[in-house]
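Below you will find the structure I want to go over with you.
Chain naming follows the written order as A, B, C and D, and within any one chain the residues start at number 1.
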């Protein structure tokens, strides 16, 4: 199917006067979506926020989404568990998901990881250097060896996640911290990418290289969502694979 | 601390007259515990079942457990979510966990994995050959290249789990199926081992080599549970690591 | 750059009268190349054999190759070490490589892996079932859950390779053996895929699904070979990343 | 067998007057060996250098070595290829190996990895912070969250190695660099640990925590070297595993 991206944002911080709104007057989701539209012309890019009906994530809409981009920070707990389960189901059936920055502590990321996903942090505007540690990974395509971000929130190890499939980026901060800032995972049929740069009070998502990372990640995470219904069958008589179109007993328990 | 193992069993199938009780008159947990007591003389081995108070898994008792061995099949859904969360918390803080056979679909395994953990299966008494694919892994210590199990339930790919850290065993079945039958994971401070052989109506857990796998896994999964309280601190001022005993601001949100 | 594939074959067995020539009258390389030309119309596909000048693999030609497909069996040792080093260099600088069947024991595969790459085997025409264990991997795109190969040489664990990045396929054989039959690795900038089905005396490479696996692997292994010359710099003064175009001292020792 | 460690050092820099000899008057190997003898009382610890017969690494001696600790820097190229092959063979048959600092570019490490193992570097005495990113790994047992090294040579990404099995440590340097400073691998039956801290002109190996890392790594890398001769058999008749002691045809080609 043709690629469709949904950029979802809780959209809270940027609605108050202050640094977040100064950085992202239309909301972080619109800045990210504009970058994707520019770099991926054949891709449909839509946005949604927690203020939309069904928290912006209706089940029927997700069926057509190739990759969901997620940003949340202040209101992780206000995302209903039913929404989390819906997103989780779609990921396992092949929808890619990209989790940005503080989304490390979103319910959906913790649901996918099975760990606390906690980390150390400090809001002191440290310089962040994002080092490419997986130069042949598709998410690093076209990037220089280092992305320099003048000021960002500091995220620091220990980052309580399962061992990633690939650590595409590792960041240092001027205070001496390190963080696995770009990590890939697979869950079911779904590709998962976590990328930590991007506090709401710094213009990180306006950076061309950061936008390129997110666009590369969209391409990588788009599996085409190829659902083979035979994967749903559980009870399997001997030799079923030699007659794969024969009616099988479908058991879910 | 000295090693303490708790072998937990839902203990349902073996209480009815039939093949399960014939194979395991005292319950699968007692067969497994007897094997561990024999091969790990310095280890305290206790048992519990779903019929004990607090489902056999009181929070206060788990604090002293190095490794929990888990067996469930018919009553996954009857394990209260609060018990699942308690076990999950202890795993993340360093308690090892070994999940056997149909425990692949237990709530706690799915909670740790973040996937459906579903697989194909067939009860036809196929011969299972358990091939060692990680000969240098501690869980394979002292094993021959293949463990031959005359009859077992067939478990088959696709097994919907995250990519394991190590695939120590891969099984074939006489009907042609394959299964990643011995898989390791880490979640937080906790070591996780899944091992698929062992249907309740076959005497698999009486096999010396199967018992050796479980004993090796207990040794591997025992982390000593070394909780460094400094890992609980979230907000971290610059340079905190140079004065690690200074009082830090502990923030959880 | 546009994609160019070179299919290299030692081309020995198929030149003698017998089962190999019956299966592959023009050589295995021509069968594989024809399949790739059919399924990847925008890709240039060329062939070479050990009978061509410079063993069919001149250094200058490899610079334009996106992905090298390799088949060798009887004459691993006759590939000059200088050719092995040339291929190795190109892989580390971004050329993909796909190693088929008995190429598991080629010098170049052992050079890339750092292990013996040895395995058990038997020529008894067992049925091979190739199970998809990485359904979301690009190499498995569009495949059914199992590829059934009526007769193949048996390859069996323990397969002495480093832990693969992804095990896309695991095979069973009718004699009970299992084998990690589709494995991915990264070495430097280069993607590596090993795929075991395909003995020269069985028509395995004429199978549509086997051809699809190889075509998918070509797409996956094609990195675009994006060489960033800054990756060659070794000695790095403080802050070099803030002025990455400044002349640096290039030191190789 | 009881554990025996051999600490090998090229022993060149510390023999000249200067900072290296000031830091390590008896050579780096003696400092490391003294630390191991102190922390692992039941372990036999011996030392050897490139000035000993057979480069200090005779084949017959390695058969009794559980874990080899390796330090080289100025004279990588002077280690004969035959010595490299001997060490490589022993690693594949179960000898653990720990490679320190500049040994990243030793012939044996490159032989085991299959890549260039190159990296960026700078001798400017930066502060190095070694962050524990694998707190449940046995090599991190008993360590604080961060090891602070006042001055060290800077090692920096991109570090051209295959994806490690575990990244136990990631370092930052005061100039902003990051480096995967503690990485584990398995090759054949052998465990491999690379640990980067430790330039010869800084007293890094006198640090208690650095010594603890090396002692932990020795315990982890000691496999017991359990050689199952049945792993040497290549050609395997059907059903061989049911009569594993029957004489098999041993074929090496």
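Just so we're on the same page, a contact is a pair of C-beta atoms (placed from the backbone, for glycine too) under 8 Å apart; a residue touches a chain by one contact, two chains touch by 3 or more.
From a predicted model like this one, the values you see are computed outputs, not experimental measurements.
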Interface with more contacting C-beta pairs, comparing C-D to B-C: C-D
Centroid distance [mean C-alpha coordinates] between subunit C and subunit B, Å: 37
Where subunit C and subunit D are represented by their mean Cα positions, the distance between them in whole Å: 30
Two or more partner chains touched - positions in subunit B: 129, 135, 145, 156, 158, 163, 165-166, 176-177, 186, 188, 231, 241
Chain-level touch network, classified as line, ring, star, complete or other: complete
Subunit B partner contacts - residues on subunit D that touch it in the complex: 94, 129, 134-136, 141-142, 144-146, 148, 165-166, 186, 188-191, 223-224, 226, 228, 230-231, 241-242, 244
Residue ranges of subunit B touching subunit A (in the complex, touch as defined): 88, 92, 111-116, 118-122, 124, 126, 154, 156, 158, 160, 162-163, 165, 175-177, 185-188, 231, 233-239, 241
In the complex, subunit B residues that touch subunit C: 127, 129, 131-133, 135, 145, 156-159, 163, 166-167, 170-174, 176-178, 180
